[in-house]
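Here's the structure, in structure tokens; my notes come after.
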Amino acid sequence: MEIKSQQSSMNIDLHEGRLIEELKRSSCEMMPEPSEWLDEEIKRNIIVSTVDKLLNWGRKTSLWTETAFTACCTFEFISLSSPRFDIARFGMEVLRSSPRHADLIITAGTLTWKMAPQIKRIYDQMAEPKWVIAMGSCGISGGIFADSYSVVPGYNRILPVDVYIPGCPPRPEALMAGIERLRKKIEKKSFTKVD
Amino acid sequence: MTTTMKGKQVFDMLKGELASAIVEVQDECLVVKPAKLTEVAGFIKHTQGLEFDYLSSATGIDYPDYFEVVYLFYSLEKNHRFTLRIRCADKADPVAPSLTCLWMGADLQEREIYDLLGIKFSGHPLLKRIFMWEGFEGHPLRKDFKNGF
Amino acid sequence: MTETLLITVSARPETSSEFWLHLLLFGLGIIIVLLTSVMLFIWLERRLIGRFQLRPGPNRAGPFGLLQPLADVIKVLTKEDIIPNRADKIIFWVAPVVSLAPVILILAVVPIADSVLLADLNIGVLYVIAISSIVSLGVFMAGWASYNKYSMISAMRSVAQLVSYEMPLILSMAGVVILAGSLSLNDIVKAQSIPFIILQPAGFFVFFIASLAEINRTPFDLLEAESELVAGYNIEYSGMKFATFYLAEYCEAVVFSALAATLFFGGWQGPWLPPIIWLLLKTVLVFSFIVWIRATLPRLRIDQVMNFAWKFLLPLAILNLLITGLSVSLWPEAPLWITGIASLVLLVVYVLFWSKFFKPGGKTVAV
Amino acid sequence: MVFKTEPFILNLGPIHPSTHGVFRMRVVVDGEVITDIEPVFGYLHRGIEKLAENKTYKQIIPLTDRMDYVAAMNNNLAYAITVEKLAGIEVPERAEYIRVIMSELQRIVSHLIGIGSFFNDMGTFFTPFVYMFTGKEKITDLLEMVSGQRLLHNYMRFGGVSGDLPPEFLPALRKFLREMPPEIDMYDRLLKENEIVLARSKNVGILTREMAINASASGPVLRASGVKRDMRKADPYSVYDRFDFDVPVACNGDCYDRYQVRIEEMRQSIRIIEQAAAGIPEGEVINPVPLRFQPPAGEVYGFIEGSKGELGFHIVSDGSARPYRLHVRAPSLINLTALKNMLTGWKVADVMVIFGSIDICLGEVDR
């Protein structure tokens, strides 16, 4: 009847520890940004078809955010969804807690190594197409915690980040500008052509 | 206004064997032998006139020669505070008694000290790492731990 | 023009070929109209909730943000479709269909004008009850097949909730059936010279609450309990299958609003405007009320939900049925308002009595 | 027939909509009833205490901001008070008043967010949360006016505050003081008599007086259990002894009481701000410390009554420009000690409510 919780939880902890160490070893390099952002020059030459336009319009208009918030920046994101800044106007008030339903992961806050496998798992569980916004200094480079023993220096060690928003924490206006940049980026993507 | 109990005052109330458990009487605190901590703490918790029923905080400090654990007690009734210290001279394998049998509030704080400083608390119900993951090498708050990724 | 077409198509079919044509066109019509209007209702809900939360709601996609649901649909349909490795694949596939199809089927017996309906079943109410409980089966299949603990809990809750709330739902509908003297929804609408909400306030009360539980809306949205079960039964669904669930959920809300309008608000009846507009308006009214509740109330706990069904709703439904039955059988020529007043008095006394009895009150904070 | 059930481990978090950040609970459930729970910490452990050992005293102020990120001013104040105690720095009168105003404003913010997310956890669809956030934004404006930052203010300095109040601050504060009390009453009215809120929070998650003291709970959690202890009264720091305010105490120690204590504390904070704004003297706002600030060697424990409880800093100085050891007595962490005792025996849905009513901030729990 009784699960031997202490013993089994120790096993879970050990397993988790191994995962963390593994991820820590494998993520010494920064991940490059997704390619279509880099070679903008090439993209400009592709004629975007009507189907692309429609798809991209749908995708950029309904960005559902995954509630994977870690630290301080969360409150600036919530401020953005509160009536004063009101992200709902752009159809983004839908916060999905299940990664399967989400399109966008806003990494609001410091990422620690203990948290990193979880965030990576959430990102892996999200259905394509998906985007990542690194919000705040901690999300970009670790911020003032960069030289700490337990902090991941930037989300780009484990996730391919699309848009970076500086600030500690960024103001809601800055976040909105970042989201606007992401929407522009989505517009440029072509789905009908494979390169 | 919370008054701070003087170390001398409390020392005078300790009798016999307990008095011999005291290593040093400082102005506002008593330094106790690690082995006798639970007895002294139990004494100041239950004795009339002291009644330190609230364990506010427990802090571990890594000094060059020894580890020190500082306990801060309050008495909600009498509104005074007092500090107890223990010193673990064995820097390789520091062990201290756990206060969880007297105060539940010591639970997480002792786990924190164990995780970050590596002081083992004998008698703690679930002594394992709290902030760092299992398999993390070293104890971050020790002075010989090198910070950084 | 639409109206005439509808009437030609739906006038009681005599020959076999007419019957098939009617079935095909009307069935197609229902599906198209329902699925598109559900998008409108999604928009309405988001705008209304926005208003309740002191903000405009989605307003950038298209005029007044009307195209917002369309954007959602485009996006969701083109998303990757994930099937978890350890899921029960066949059931995982079938579940969304099982939960969407019955919802659409319910509309077959809801009249949109006098005798304009897909099938004028003489057991209409029975049909609605039978079909609507299949939806929970779909939810259970989804929750069970997903191989996820949250969805599993959600599935268990769904069945418990279904079993409990089916009872008061049926009993509250029985009151309407007694008054109308028919099980056919068309006849029920025609019997409402006075809307039944006036004659059956207690019945409507029970029906509305029980249908809130049936369609899993706040305060009974335990299946999707965002703050506990993350996303409930559809946690592992993505892409088109998730869209089907999402659609099914809203279709259910719309269909039950239409049902409430039909059973208690006089359906398509109304002066001046065409009947379908009246039905739509009444549906929107009920739906808005559901949205209002969603924007305001917290969620109940599972045991409280059960207690509420068995200890509060069921006795009330039975009492209401008793009063209605007695008034109809003992004093058939009595004016109808007597039933209405009796039902109202019952509702008020009952609610007051129980709220006194169940008061979880206590001391306030002393300064 | 006897049903055999099997317990299973349900993992809540670290990313879960209602764990207020990245907290993880391993819950052993039997059906829906919780038989065992093990909290897992450390998903936001940023090593602030270690980082502080390599920074000068002044450089640590921004680090303290990021501990309890909804109450940055309070953290600043606690740290500044501790260092002032260590180095024996006098604080000008005006700065003390400004500190009190800021600290109390921040307490209101923290409580608003705490209450808002408490109702979110209970299952309301963001509406109370959004209302609380409109109130919070007003205070954010005020704090931004003096510090230039919206969330992490970094305003307090050793010997005072970083800058004087701008001339438009006091009129804006008075306007806020006029607007806020009716708003607090509105929140209270909105939710105090809601039957579902009562049913979900009354007598749920009781923390007895003995347990609260034994588990070193502090702040509203302790006061809701019937212990009248507030560091502002028990051991007044800054200029709190000049103000007239009450310490709200409740007796049951359930979730509802914790919520009510917070509401009442907001009213008391308004009272304190009113008195402080009326009595604020003219003069210097900072008693500058030398650029190369080296406090004398020694050990000091400084504390304030933070919004979550007794927030203490334990600093060991070896006479250099950097602290030898800095330890934070984090009320959020210590309030969680009794979590297991509070949760065992309740249902999955209650986990969120009880956990939400403790109102922790993960930045402070893990530091």
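By written order: A, B, C and D. Residues from 1 in each chain.
What we mean here is this: a residue touches a chain if its C-beta (ideal position, glycine included) is under 8 Å from a C-beta of that chain, and two chains touch if they have at least 3 such contacts.
This one's a predicted model, so the numbers in the text were calculated from it and none came from an experiment.
Colleague: What chain sits nearest the middle when you go by CA atom centres?
Modeller: D
Colleague: Roughly how far is chain A from chain C, centre to centre by C-alpha average, rounded to an integer in Å?
Modeller: 37
Colleague: When the C-alpha atoms of chain B and chain C are each averaged to a single point, how far apart are the two points in Å?
Modeller: 61
Colleague: At what distance in angstrom does the C-alpha mean of chain D lie from that of chain C?
Modeller: The separation of the two C-alpha centroids amounts to 43 Å.
Colleague: For chain A and chain D, let me know how many angstrom lie between their CA-based centres, rounded off.
Modeller: 28
Colleague: Give the residues of chain C that touch two or more other chains, as numbers and ranges in rising order.
Modeller: Residues 53-55, 226, 230.
Colleague: Taking each residue of chain A in turn, which ones touch at least two of the other chains?
Modeller: In chain A, the residues touching two or more other chains are 13, 83, 97, 114, 147-151.
Colleague: Can you pull out the residues of chain D that are in contact with at least two other chains?
Modeller: 8, 16-17, 42, 45, 47, 50-51, 54, 130, 134
Colleague: Assign the assembly's chain-to-chain touch graph to one of these shapes: line, ring, star, complete, other.
Modeller: Shape = other; not a path, cycle, star or full graph.
Colleague: Under the touch definition given earlier, write down the residues of chain D that touch chain C in their complex.
Modeller: Interface residues on chain D, with respect to chain C: 8, 10-11, 16-18, 32, 119-127, 130-131, 134, 194-200, 202-203, 246-252, 256-257, 260-261, 263-264, 268, 347-352.
Colleague: What does chain C use to touch chain A in their complex?
Modeller: Touching chain A: residues 46, 50, 53-61, 65, 67-68, 70-76, 78-82, 226, 230-231, 234-239, 242 of chain C.
Colleague: Which residues, counting only chain B, touch chain A once they are in their complex?
Modeller: By the definition above, chain B touches chain A via 126, 128-129, 131-136, 140, 145, 147-149.
Colleague: Can you list the residues on chain B that touch chain D in the complex?
Modeller: Touch residues, chain B against chain D: 1-2, 53-57, 59-62, 70, 72, 76, 79, 83, 103-109, 112, 116, 129-133, 140-141, 145, 147.
Colleague: Can you list the residues on chain A that touch chain B in the complex?
Modeller: 6, 10, 13-14, 16-18, 20-21, 113-114, 142, 146-153
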